[in-house]
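Taking it in order: structure first as structure tokens, then the write-up.
Order of writing sets the chain letters: A, B, C and D. Residues in each chain are counted from 1.
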Amino acid sequence: MTERDEIEVLLENSAEDFLSSEFRDERLRNVYLGRNAYDRGFWRSIAQQGWLALRLPETLGGSGLQVRHVGILANAFGRRAVPEPLVACSLIPAVLAAHLGNGRWQEITGALVDGGRVIAVAWQEAPQRLDAEPLLTVAARAGGGYVLNGSKYGVVAGGWADALLVSARLDGEAALFLLPAGSAGLEITERLGSDGGTVALVKLEQACVPAQALLAHGSVVTEALELARDEAMLATALQLCGMAAAGFELTLEYMRTRVQFGRHIGSFQSLQHLAVDIGIQQALTRAACRAAMDRCEAAPGTIDARRAIAAAKARASDTGISAGRFGVQAHGAIGFAAEASIGLYLKGALRLAAYLGGGSQHRRQYRQLADLAQENA
Amino acid sequence: MTERDEIEVLLENSAEDFLSSEFRDERLRNVYLGRNAYDRGFWRSIAQQGWLALRLPETLGGSGLQVRHVGILANAFGRRAVPEPLVACSLIPAVLAAHLGNGRWQEITGALVDGGRVIAVAWQEAPQRLDAEPLLTVAARAGGGYVLNGSKYGVVAGGWADALLVSARLDGEAALFLLPAGSAGLEITERLGSDGGTVALVKLEQACVPAQALLAHGSVVTEALELARDEAMLATALQLCGMAAAGFELTLEYMRTRVQFGRHIGSFQSLQHLAVDIGIQQALTRAACRAAMDRCEAAPGTIDARRAIAAAKARASDTGISAGRFGVQAHGAIGFAAEASIGLYLKGALRLAAYLGGGSQHRRQYRQLADLAQENA
Amino acid sequence: MMASIDRRAMDDDGFRAEWRSWIAANYPSEMRNPLEKLTGEEARTWLRAQFRDGWRAPGLPVEAGGLGLPLPRQLIYQEELDRYGVARPLDHGLRMVAPILLRYGSQAQREHYLPRILACEDVWCQGYSEPNAGSDLAGLKTSGRIEGDCLVINGQKIWTTLATDANMMYMLVRTGGGTRKQEGITFVLVPLSTPGIRIRPIRTLAGEEHLCEVFFDEVVVPLANVVGEIGQGWTVGKALLGFERWSHGSPELIRYALKVLRQTAEAMGMAQTERYCEMADRYICDVDDSAALYEQVCRAAVHGKVAEEDFSMLKLFNAELLQRIVESTMDLAGQCGGIADVAPELGLTHDLEWLYMITRPVTIFGGTSQVQRNLLAVRALHLPKD
Amino acid sequence: MMASIDRRAMDDDGFRAEWRSWIAANYPSEMRNPLEKLTGEEARTWLRAQFRDGWRAPGLPVEAGGLGLPLPRQLIYQEELDRYGVARPLDHGLRMVAPILLRYGSQAQREHYLPRILACEDVWCQGYSEPNAGSDLAGLKTSGRIEGDCLVINGQKIWTTLATDANMMYMLVRTGGGTRKQEGITFVLVPLSTPGIRIRPIRTLAGEEHLCEVFFDEVVVPLANVVGEIGQGWTVGKALLGFERWSHGSPELIRYALKVLRQTAEAMGMAQTERYCEMADRYICDVDDSAALYEQVCRAAVHGKVAEEDFSMLKLFNAELLQRIVESTMDLAGQCGGIADVAPELGLTHDLEWLYMITRPVTIFGGTSQVQRNLLAVRALHLPKD
């Protein structure tokens, strides 16, 4: 566990300050009304904090900070159950830009700096697949431009975004295109996530784009997508970590104050023991996340780093859900009411646990990467 | 749930009376000394009660009672953690004799009536296989008799028995042979079971037997083995049921009387809740066993009966272990000492849960039989 | 209107056959095998059809307007409903109020309310829980002040199912007196149209508004509406809790959840995997063993051996089993989990998140699982009280 | 004899290299990666070798005869032991008695006992638990009566590990006084050769006799053997419990159990099945996350941030994890389960039943899991006391 640097402490404090004043809990009630809870105004205001461009290199107008700084922020977002897609629409595009960016990326880097436009990334080729290499979505040259066909799954904020970064196979290699929302041949089926966000299936049917839509081409695209995916998993683990921690604190506070049968319910042994198990899971989650953060920064993209990230995402996904579930149960009837905040933590955790793979998938991944390491050795 | 008949009530009472006076708990301490706890004297005395021949038809000198009566007895044996192989060396041979018996079975029926000799049954062809059809153990005609080759697994009391009933393939059909202990070519590798009994691997290498060793031949042998196996599973489920119940009662009594921190430990909520879960599992086990008993008597050998038996053996296996495990934990340090009886219930349950298949195997079986029923329909 | 034929005179098979064909002819097939109880107008339509054709109220005595069937015949009645997949209607009138009136009500109360219950002219809801009296029901504080021949009610009830759809509430109020908190409670019947009553639906995690808060501000009801003695309401009310537990023992909701589990496994291409099979094997055995226990307990009840603890154990086991199944379903959905909607484009034809949320309260309402375990430890296992 | 070289003067890498090669040269390879602690003569031989070559007691101050290594260096010391799979020796003398003497002992006690501990001339055992004072340790009743300059001890201790192999016991006795049960307890050092002491081994579920009962009948020891003040023994004894918890945090025993799990899966032909893989995936992540937490807590300790609660959580988690792994192993064995022996003819090269039984006490001794949770709820989660 490395000691926190100054920037981390600063970021944590300013995130806490900002979110406690700017973020309105009531907005989340939209979740219970079956409405998208994303807020463009809020998105722009976090851009003004510089948070969307945190991971963008300084040469591209960003802050050039490390993944652990995004982790601090993700944790803070989790603590407030913020639905806005910090990971999907800021971290991922920023990492891609950092690795692939040049002049043509201005539209993206600009969006990250001022938050005026939202960029979603469509890279998953199957609902449960986390491979970054595009295989089934294909781009062909047509006229001076390209025509794209295929399907992209799990596109967070796909319908909310102004433009999509889409990975596709071009001339047998990976390529990355920028498509504005509403492009012909782009069909978006969007569903409400339980966290108040959205997730979409993006279909490309003879989607024609001009030559300049191609932002990058070659194996470097897959490499960048892999790094972005890895960081996104880790940041999501930290978001879950924050979510679990805050939901748990809320629950413990309720247990310390709520009286039934003439006693504080937190003095009942059975609830205490359930709480201790959640406490232990949280300690393990924090430890797994810290270990992953250390390895991800020390040797990004290595099997070692990817294993640590898988362990962290697996543990964080399960802990997020358990903490939310326990919280609702420990709150009793009021926990089932939308007016209590605890339900938001359960709902948020369900979505974030699913995003980029949950417990079983990442535990399997953890083993498969070990097998791979052994083969390589 | 059929009401109990007079014989059931009588049997239950006499088993309770007999076992509380005749069965010495101390004998079980052998379990901790790594010694076989079987007792020939005890075996003869239960024969004198008529219990070994309970399921033997009256025409063969037995009592001609039903499987539910054996169930009563098995439950009572479980309650006292009796290690003697009632199911393996009395029920199974009796059912085989009932279906296949004639003059040549006198040696076996005699043994069941007076308990003077012990008959073990070697029928399993692989360590985890419950198919009754002999395939790998083969008998060939040689001179006036037969020569047997193969391996038999999970033979309870295989080394304690005076003779073995061995199933083998003869002329492409199932056959059943009687081999005296110590026959040439018969190699027995015996292991101590955690219940104080034994279980053996029986190897047959050019084991020569005379013509009269063949007791039965043809598909009827497999059918009889199947029925015997089914009843044995059910009776074992009931034995586990009794074991779990008695171990749980012991534990509850301890919880009601043991004082720590100035309170009866049974008043601590966390132990109470764990106990309630065991109580629920016991209720489910009893229900599954009753349902299986009804179906096994109403339509023995049918898929319906076999499914119900699988459900009962699955549940009873898991409950037996859980009850024993909880019992040891709830007893605290003394539960880890051999002088406390609770450990015997955990150890007994571990062996009986394994015998004829435990939770996972029988739950799978439950599904596979349903699929089979659907195919047949 | 009761039909003139006497259902009791038929033999078991004849009764079963006639009831079965009546169900098939009258129950809307699109409403078969539902996940939730039948409520509102749908419930009333179905119950009124039963009433019209003389099938309503199998267990109620004939003199009270019911069929007066003996318990074995009632089991047949219920078996046929279950076989056809008929939804259980929300029917507090028949299931809760009628038995109480028969046991504790006055002649006048029975004559007035029972016919209205049978004809679904009154729709009843329950006023038990309060913001600070949930699992600890006897901690209730809503007050009933006696003024002349009236009771004046002030306070608040909460978690009342569909108060918005009801016109009558049976409730517990504190009229005072006694030393134990179970004393000084009174059971009273209150028309919801009485001035001073305000109903506010509560939005839940499942996005619904079936549960309500009901506020009472100087609500005046005649003392004639009190059931049993003033101050003896806890005895009356507790009897109802006993009735209520019966309804949780049946595993139909769980069978539905099992179907969703299977459908999800199929949609994810996992129906043949060991992971799904092993999980499903376990749940199916849980469900079937629970059903076996339920059946045996019901049959024992026919022979007069009612084991309250067995029902409590079933309720507890089934509630947690249901949650485990639903949680596993969400887990199987993998990256498609946490979507607050159906998602046919991913093969998900059920809203898993709704199912997840709607099954949260089964371990909370009617006494949390924790409280249930406390009670069972003492009552069923005879362990010393905490 | 301490070697003359100063281990503190070396740099980290040099220290590590030298220690590593010393271990390889001196630790018997057939004793690598054991499941149990090293005890008896084997333990003494190993510890004496360390002592002989100046490697004994890494954390003990130099003036007390130890290496006086700073904490980071101690971690390297332990890492190398773990890497080679060296068994942890049962060493109450160094691990329990020495720190207590340094903190609470008299000059004379330190001068007498410390050298004997380092040279393994004394072998120590613990006298804490009693038949009616297990999880509730402060309920102990063994009495210490002061007569002149002696303490006369009567009563019984239980669950003393290898009292049969020890010559000294550190124990708690009740000397009286005070109102709380934690008061009036005295910590005293007792030679087991003192007349009036009788030791009886207790046979356990694992078939072993390592744990003992020790009976005291008018056992006279000088008051000079009391550590700290008369009546202040609870403070002294509790400090030791703190030390003891440290040893449970490390997951080495669990890694061994994982190996047995894998070996069993292979023997049963299940190593490639989804059932085994999913189970193993879960356990491996549990073990590795627990190890990550352990490592971070140790590193934080280096910076002076000792979190007692983190160690308690690790102990609790690891104990129950170990049991889960062993229970799954027995489950995987299927019909080959419940054999109280190895069974090479079935491919089982480990005695699963022994492993099952030997892992029962991890959730019992040193405070049951239930008691641990009670403490954690209050201390780590700040919930109100039960």
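Here is the rule we go by: a contact is a pair of C-beta atoms (placed from the backbone, for glycine too) under 8 Å apart; a residue touches a chain by one contact, two chains touch by 3 or more.
Everything numeric in this text was worked out from a predicted model, so none of it was measured.
K.L.:
With centres defined by CA atoms only, which chain is the most remote from chain A?
P.N.:
B
K.L.:
Name whichever of B-D and A-D has more C-beta pairs touching across its two chains.
P.N.:
Answer to which pair has more contacts is B-D.
K.L.:
Which whole number of Å gives the spacing of the CA centres of chain A and chain B?
P.N.:
Those two chain centres are 55 Å apart.
K.L.:
Express in whole angstrom the distance between the two chain centres, defined as the mean CA positions of chain A and chain D.
P.N.:
43
K.L.:
Report the inter-chain centroid distance for chain B and chain D in whole angstrom, where each centroid is the mean of the CA atoms.
P.N.:
Spacing between the chain centres: roughly 41 Å.
K.L.:
Chain B: which residues touch two or more other chains?
P.N.:
Expected reply: 268-270, 272-273, 360.
K.L.:
So which stretches of chain C touch two or more other chains?
P.N.:
Chain C, residues with two or more chain partners: 275, 278, 370, 373-374, 386.
K.L.:
If we count contacts the way the header does, which residues on chain C are in touch with chain B in the complex?
P.N.:
Going through chain C, the ones touching chain B are 277-278, 280-282, 284-286, 288-290, 292-293, 295-296, 299-300, 310, 313, 316-317, 370, 373-374, 376-377, 380-386.
K.L.:
Can you list the chain C residues touching chain D in their complex?
P.N.:
273-275, 278
K.L.:
Hey, which residues of chain A end up touching chain B in the complex?
P.N.:
Those residues of chain A that touch chain B are 268-270, 272-273.
K.L.:
Could you list, by residue number, the parts of chain B that touch chain D in their complex?
P.N.:
29, 31-34, 127-128, 153-154, 189, 191-195, 199, 201, 259-262, 268-271, 321, 325, 328-329, 332-339, 343, 346-347, 350-361
K.L.:
Note which residues of chain C are touching chain A in the complex, please.
P.N.:
129, 131-132, 134-136, 139, 158-159, 202-205, 207, 211, 268, 275, 327, 330-331, 333-341, 343, 345-346, 353, 356-357, 360-361, 363-365, 368-370, 373-374, 386
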